[in-house]
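Pasting in a structure now, in structure tokens, and then I'll have a few things to ask.
Chain IDs A, B, C and D follow the sequence of writing; residue 1 opens each chain.
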Amino acid sequence: MAKKRQILVIGHNTKGCLPKHEKIAYEIGAEIAKSDSVLICGGLGGVMIAAAHGAKDAGGLTIGIIPQNDPAEANEYCDIVIPTGMGLARDFLNALSADGVIIVGGGSGTLSETCAAYMHKKPMVAIRNLDSSVDPFIGGYLDHRENIKIVGVDTPQEAIKKILELISP
Amino acid sequence: MAKKRQILVIGHNTKGCLPKHEKIAYEIGAEIAKSDSVLICGGLGGVMIAAAHGAKDAGGLTIGIIPQNDPAEANEYCDIVIPTGMGLARDFLNALSADGVIIVGGGSGTLSETCAAYMHKKPMVAIRNLDSSVDPFIGGYLDHRENIKIVGVDTPQEAIKKILELISP
Amino acid sequence: MAKKRQILVIGHNTKGCLPKHEKIAYEIGAEIAKSDSVLICGGLGGVMIAAAHGAKDAGGLTIGIIPQNDPAEANEYCDIVIPTGMGLARDFLNALSADGVIIVGGGSGTLSETCAAYMHKKPMVAIRNLDSSVDPFIGGYLDHRENIKIVGVDTPQEAIKKILELISP
Amino acid sequence: MAKKRQILVIGHNTKGCLPKHEKIAYEIGAEIAKSDSVLICGGLGGVMIAAAHGAKDAGGLTIGIIPQNDPAEANEYCDIVIPTGMGLARDFLNALSADGVIIVGGGSGTLSETCAAYMHKKPMVAIRNLDSSVDPFIGGYLDHRENIKIVGVDTPQEAIKKILELISP
């Protein structure tokens, strides 16, 4: 089995992404690369580009799964681009492509990806206190099914440590 | 232009759906039919089947957009079945097919549809106090973009009145 | 079970659609309505609009499943619009939504829908001699699996008669 | 821009795949790796596994885009797995992910991918004389739009040489 470990990073797109989100996402990207995992991201701006940038700077491999038809819409740190042509429904593909998910802030798109990951029981960790639409659910479950807990953490290092534990128990 | 008004009803699937949710969904389905609108739903159980049942009993037209390949998976009150074969990513198609959305409780799938509707700026109303994953957002926005407010209401009659106003201002 | 019989008509989009294709598609749309079936189509121009026009003129119900996000992109003869937002991959949804398929000429998009219908073993009839990309396969199979034959016919009346037979054997 | 050149290989799935198809696909996979391109494939059997096997043996990077939800359904030579959960409509994602396409035999699924690639104007070469559903179109166009020609070639070496020319003219 050649398959590498695939970790998805989600969070704010360009709009709403503050320097604090970018810094955390960059560090998480770098940690993912150092753990010999592949970074999966939505291929666009904000947290997505910061995480891909961090992973590339640390010598990692990066995949961008984008809503558009044209691979040129992806950010410049994606080694591989999957242009889905299916609009925002690509959020489900991001989630399905993940062995584990790290959440760095984020609005409705991030919440959509979190729902998709939850319905498919993907391990998830979320950085606390980043004004995210996911905040009401950190440390708990998205619904009564209790599929999988969204584990709260405070640092990029804690995020990667925890997600690796959850992926390979 | 032949297109009819299309109203999506979302909420709990079979698991988690209580008689109170079913009763409300049934009445909303009936109100949608009486308003000469078409009911769109996810075509499965719980709130979906109750709303379709109500719409059929009131002489309405019902559409079920389902995750599976086989139309026989849809509930028996769907006049038209769109088997998407794309799994839960069909939540985005439900949202895109709506001129307006009425939310009756619901868990992670309903929240996923709510995110999709929000990103596409669809008018939405939600029945309050039904233990829904959407609860933290009722009366406000899903994120900082403030795309469109999720308007809280208390009865099926109020829900239909409000959604009709929001669709044709 | 409320579900109505759903018949998909596919063929040339605006570009490449000649008056002969439109005339045949219009008549097939009318026949579908008269047989108390629902017309499913891709919701755009050429054969799609002609079939929907014919079905509406005969008092039928019409569904347009379109690639775009915005229902206003559908032609004016669609009662119900499903805006998939997934680009041309919506060809698979057209096929999956069909109990049977009638092919009226058509290029690469029609051939794509024909492949999707074939892989899902949907009954198909095709009008002969309309300079279609499907021509090499009429009267035979798309591949060695011999899933389902594409039955050749010469008139709209023959098309509807045959597809009804194939749907309910 | 970090993006690598992405070449899609399509053709028979397990059923219908003969040793001659496998041998050619294996060699094409190896040539793709040697050209410092990434292999994209549908991630399953037949031509897909043979091409991925060839690419891995030559030290290349391989991506499998599969119809299922579960990455474990992919063949063992895929470094990265994109489980789309959208059934055979994933054929469109394969096509969109390609900078160029090499066709090695194939039935209705391959023809579906060829239609998708043609509609998105992706350069394509096809190995001649392999009893493929694409055969009627090799050396010509899929339809009257004349979007892009399907160039016929006879060997894996010729296939890779030609597709590299077509991708970077």
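We take it that a residue touches a chain if its C-beta (ideal position, glycine included) is under 8 Å from a C-beta of that chain, and two chains touch if they have at least 3 such contacts.
As the structure is a computational prediction, the values presented were derived from the model and not from experiment.
Q: Quick one: which chains contact chain A and chain D both?
A: B, C
Q: Taking the mean of the C-alpha atoms as each chain's centre, how many Å separate chain B from chain C?
A: 29
Q: Determine the centre-to-centre distance between chain B and chain D, using the mean Cα coordinates as centres, and give it in whole Å.
A: One centre to the other, that is 40 Å.
Q: Please set out, as single numbers or ranges, the residues of chain C touching at least two other chains.
A: Only 69, 85-89, 92-93, 120 qualify.
Q: What graph shape do the protein chains here make by touch: line, ring, star, complete or other?
A: complete
Q: Can you check the complex and tell me which residues of chain B touch chain A?
A: 15-16, 86-89, 92-93, 107-109, 111-112, 115-116, 118-120, 131, 133, 136, 142-145, 147
Q: List the residues on chain A that touch chain C in their complex, please.
A: The touching residues are 69, 85-89.
Q: Considering only the defined contacts, which chain A positions touch chain D in the complex?
A: Answer in residue numbers: 1-4, 6, 38, 56, 61-63, 65, 69, 71, 74, 76-86, 92-93, 96-97, 99, 120.
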